[in-house]
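In this document, chain identifiers A, B, C and D correspond to the written order of the chains, with residue numbering beginning at 1 in each.
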Amino acid sequence: MSKVDLRVNIAGVELKNPVMTASGTFGSGIEYSEYVDLNRLGAVVTKGVANIPWKGNASPRVAETYGGMLNSVGLQNPGIEEFIKKDIPFLRQYDTKIIVNIAGRTVEDYCSVVERLASEDIDLLELNISCPNVKEGGVCFGTVPSMVEHVTKEVKKFAKQPLIVKLTPNVTDIVEIAKAAEAGGADGISLINTLLGMVIDIHKRKPVLANVVGGLSGPAIKPVAVRMVHQVAKATKLPIIGMGGIMTGEDAIEFIQAGATGVAVGTANFINPRATLDVLEGIENYLNQYGEEKIGDVRGII
Amino acid sequence: MSKVDLRVNIAGVELKNPVMTASGTFGSGIEYSEYVDLNRLGAVVTKGVANIPWKGNASPRVAETYGGMLNSVGLQNPGIEEFIKKDIPFLRQYDTKIIVNIAGRTVEDYCSVVERLASEDIDLLELNISCPNVKEGGVCFGTVPSMVEHVTKEVKKFAKQPLIVKLTPNVTDIVEIAKAAEAGGADGISLINTLLGMVIDIHKRKPVLANVVGGLSGPAIKPVAVRMVHQVAKATKLPIIGMGGIMTGEDAIEFIQAGATGVAVGTANFINPRATLDVLEGIENYLNQYGEEKIGDVRGII
Amino acid sequence: MKKKHIVEILLNEEIAPNNYRMVLSAKEIVEEVVAGQFVNVYCNKGELLLPRPISICEVNRESGELTLVYAVVGKGTKVISEMKVGEDLQIIGPLGRGFMILEDEEDEEENQENPVYLEHLIIAGGIGVPPMVELVKNLKGNVTVLLGFRCNPILEDIFKKYGATVHVATEDGSVGLKGNVMDLINQLKPKADMVYSCGPKPMLKAVAQWSKKENIATQISLEERMACGIGACLVCTCKIQKEEETDWENRRVCKDGPVFWRDEVIWDE
Amino acid sequence: MKKKHIVEILLNEEIAPNNYRMVLSAKEIVEEVVAGQFVNVYCNKGELLLPRPISICEVNRESGELTLVYAVVGKGTKVISEMKVGEDLQIIGPLGRGFMILEDEEDEEENQENPVYLEHLIIAGGIGVPPMVELVKNLKGNVTVLLGFRCNPILEDIFKKYGATVHVATEDGSVGLKGNVMDLINQLKPKADMVYSCGPKPMLKAVAQWSKKENIATQISLEERMACGIGACLVCTCKIQKEEETDWENRRVCKDGPVFWRDEVIWDE
């Protein structure tokens, strides 16, 4: 097997390969490091962190669905100070890039986390704008183009690392949203976050999730994710991190052919703790099978 | 097994039970009548019909996905005249309600089909507003509240049968869309139509569908459908026909508990030609198991 | 009422690399089979919802056995290939419109002294070969069979057993002529009253061009991705010339086909 | 590196209506097991993605056998119950923090003449019973076991075999006392130094109230819906009292539990 060049460049940061973890499914890698050599990953994307600790939603927070799952963790996190104390030093032991996913309830929340991270040794920021904007009556930041542009622009003022904006798929026109992020100064786009869904326990006659609704992830949503990556790749110049149901190297290649530079593995970790490495090896196999020399040669060819 | 009262009333039309077919998955019942006694169905919802014949998209028109499928039939149909000649007389042989699903590229298209149907012996109209509006640059009718209200209002002027408006899930706020349909005078709401998706054949390096993108249906999308039915049931007074991934009676009960009056079975027919009847029997079993006397007693209880 | 049949697997063996022969105990199905029809096979795996269309290779009306021959090309056929003898398989069928056999029994009765049988030419490639077995069994005249494969030929012997003259081409030259069925045609210059063809689209197109030039009536079996398999969902359409018109229409491969007359088919691309 | 293990099923039998005992050949796993830990069982069915957490009922370090006892309550446990002897099962584990056994070997060494063993009281209900088997095997003092079931008791004999005094209650009165474990407690008025409890939430809450009143240290094993099972995804949290604070925090049942001290647990609803 000849050596394929798997390196990718995301907003000026070079990753040894395109495979990363999807935020919230991998913690900061501490638990999965017992199953996976983190040195082999292109990047670890950490669980969303806010300026102060969040308790998240009540349990149950998970419901299984056909080919997928719903979660309603509600962005439980220990707050940025605890995160900086514990998680960054842990990850810095490894030769992998660190992408910190950021949650917030107001523009100021986001800015304060990003400002706090400016002096930290991390590689990229990923802004999760699927959060409710408390000042705008709880409407999701990521669903209104003007809010997307505004929050991106404000956060950029404080950002020392390149800023990836992570989009929610629960919108009429993903291209319009991606363009708003680009106009706000985003250095890259991640997509997709989860689709809003609900499962009812018909025997108990109540929703399975304490929070009633939750985010749908897993292979069930992959066709929606591939479509959105393809649309956004055609409409903006920004590098894209694609995710949504990636279980195998072939799934990852689908996203890359649709135009993604990086790929993130989320729900698949729960089904197979070694999923990230299986995806990586599957990508290598595909490229070898077709005698490709570098991963860039199959990117965005659709 | 005691006899449960399964009758439901949709916009003044009484169905013997809530189980119907999802438009486009069952033709006009001619083919499936070899597998299913149509007399047992609450209603047959026919394939979308336009004012003139449409050829639809090029093949391949189908791609399998994890727990679902994409289709890009593109509303191929023989036009309203042929439909009236052949399909209505066929269905009228059976003791089941006829719901005619209507496609159009302009408001006038829709109106002319509805006007033509005014004198026909059918029970309900289902307006598929997931079609591109050619006069508005191809933007989907169902994604813009003002267009939804306008097309509903115009069509109502010609409608002699109650009008159900069928919504697309590819929107930021389904409640806003449902309210627009209600404001336009809709007598009921069907949801959901398919989610927009894409599948790439990574070996051939091209999209599987000739049309590139298609509509995602099947159990993969059920959580999104249940969530939307629940949201709309809370926000409007209109009766709802719920669909999206219904495979079993338990799935149907989930929609009914979420607030649906009727339920439609689509993709499941392809996996099991008898799916409609299995769903019906599953609903009966559930109600018997809990000693319910009528289906209305479990409707909208979430 | 028709229904989904649950049939027992009697045999499921690899007959060539990645090619399998499956024999099913399917009494209720074999009765009405016409050569060229297919069944829809359900994979019984939660994530793979759609049935797989597989041509009926052969039926035995006495024993009730139905034979399928299939290649493993993707997830569904892989799952099917891993099923074990004794397990149940879910199928619907027979489906579609098979080959027309013009020498019907009335002809024979009318011309009892001197029945006129046709000269038949079967041209099949790869996984288009299996449905031709049942066809050969039902043809009464002389049958010549031209088979093309990438490398490993299948079913050659069975055509011989049923009395056909068989010629094989392989792309790698490992068996028979090195080349494809068009090379066989160019070499053999066959004559016939009726051509039956099934295989990859480029092959079908070439066969159609040749037989049109030779002015031989030709039946062509098409393939398209399917969902319902019974004509209700309209996902499996192909472009067909409308009768008495210059316009075309989309017809269903699963119900109006898979076998069409050559002159109906519009070859795009 | 830890990994997903592929282990052979040695036994999978119904021991009571809808209750199954499964024995696995799992040498690599049994080594490190602590009573009260669990494994995550993958269903290997495409539409059911998440693993099912099942407590370790018993391990045999010599033979490498691992026993699970589970009830069929939904789709996943149904699939697992249909798996056959000889088939492979995918699992990860052992997972979580099991029961603390305070009589450790140092105690024994220090008080060799007169080792002080505790008086143990195990209170378990329904499908909370299985993990108590491995616990009983590892306790040195006197063990009293109170078991509650809706109807069909399971594992009663095995507790006796390992020397415990067993009392059973069934809701339908078919075996033992008619009622639940709280009725057993009211009747027997047991004394103990340590209570271990696992079962449905209302039962755990009642046990906790009683043992608090009696002032007996108590370990409680909680259940919550899970995804990763290893502490990374935060879907399985329960409310836990923060040390030295009036505030609470969400802790992971899969990693910080499933066993918690009674006084840590906050009972909502």
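FYI, contacts are C-beta pairs under 8 Å (C-beta built on N, C-alpha and C of every residue); 3 or more make two chains touch, one makes a residue touch a chain.
The structure displayed is predicted, hence computed values, not measured ones.
Each of B-C and A-C has its own count of C-beta contacts, and the greater count is at B-C. With centres taken as mean Cα positions, chain B sits 34 Å from chain A. In this assembly, the C-alpha centroid of chain A lies 36 Å from the C-alpha centroid of chain D. Centroids of chain A and chain C (each the mean of its C-alpha atoms) stand 48 Å apart. Each of the following residues of chain C touches two or more other chains: 46-48.
Counting partner chains per residue, chain A shows two or more touched chains at residues 63, 66-68, 219. Chain-to-chain contact here is organised exhaustively, every possible pair of chains being in touch.
Chain B contributes residues 24-27, 30-32, 34-37, 47, 55-56, 58-64, 66-69, 71, 73, 76, 208, 218-219, 267, 269-274 to its touches with chain C in the complex. Listing the residues of chain B that touch chain D in their complex gives 66-67, 219. Only residues 45-48 of chain D touch chain C when the two sit together in their complex.
The touching residues of chain A, counted against chain B in their complex, run 63, 65-68, 70, 143, 170-173, 195-200, 202, 205-207, 213, 216, 219-224, 226-227, 230, 245, 250, 253-254, 257-258, 286, 298, 301-302.
In the complex of the two chains, the chain C residues touching chain B come out as 1-4, 42, 46-51, 92, 224-238, 249-250, 255, 268.
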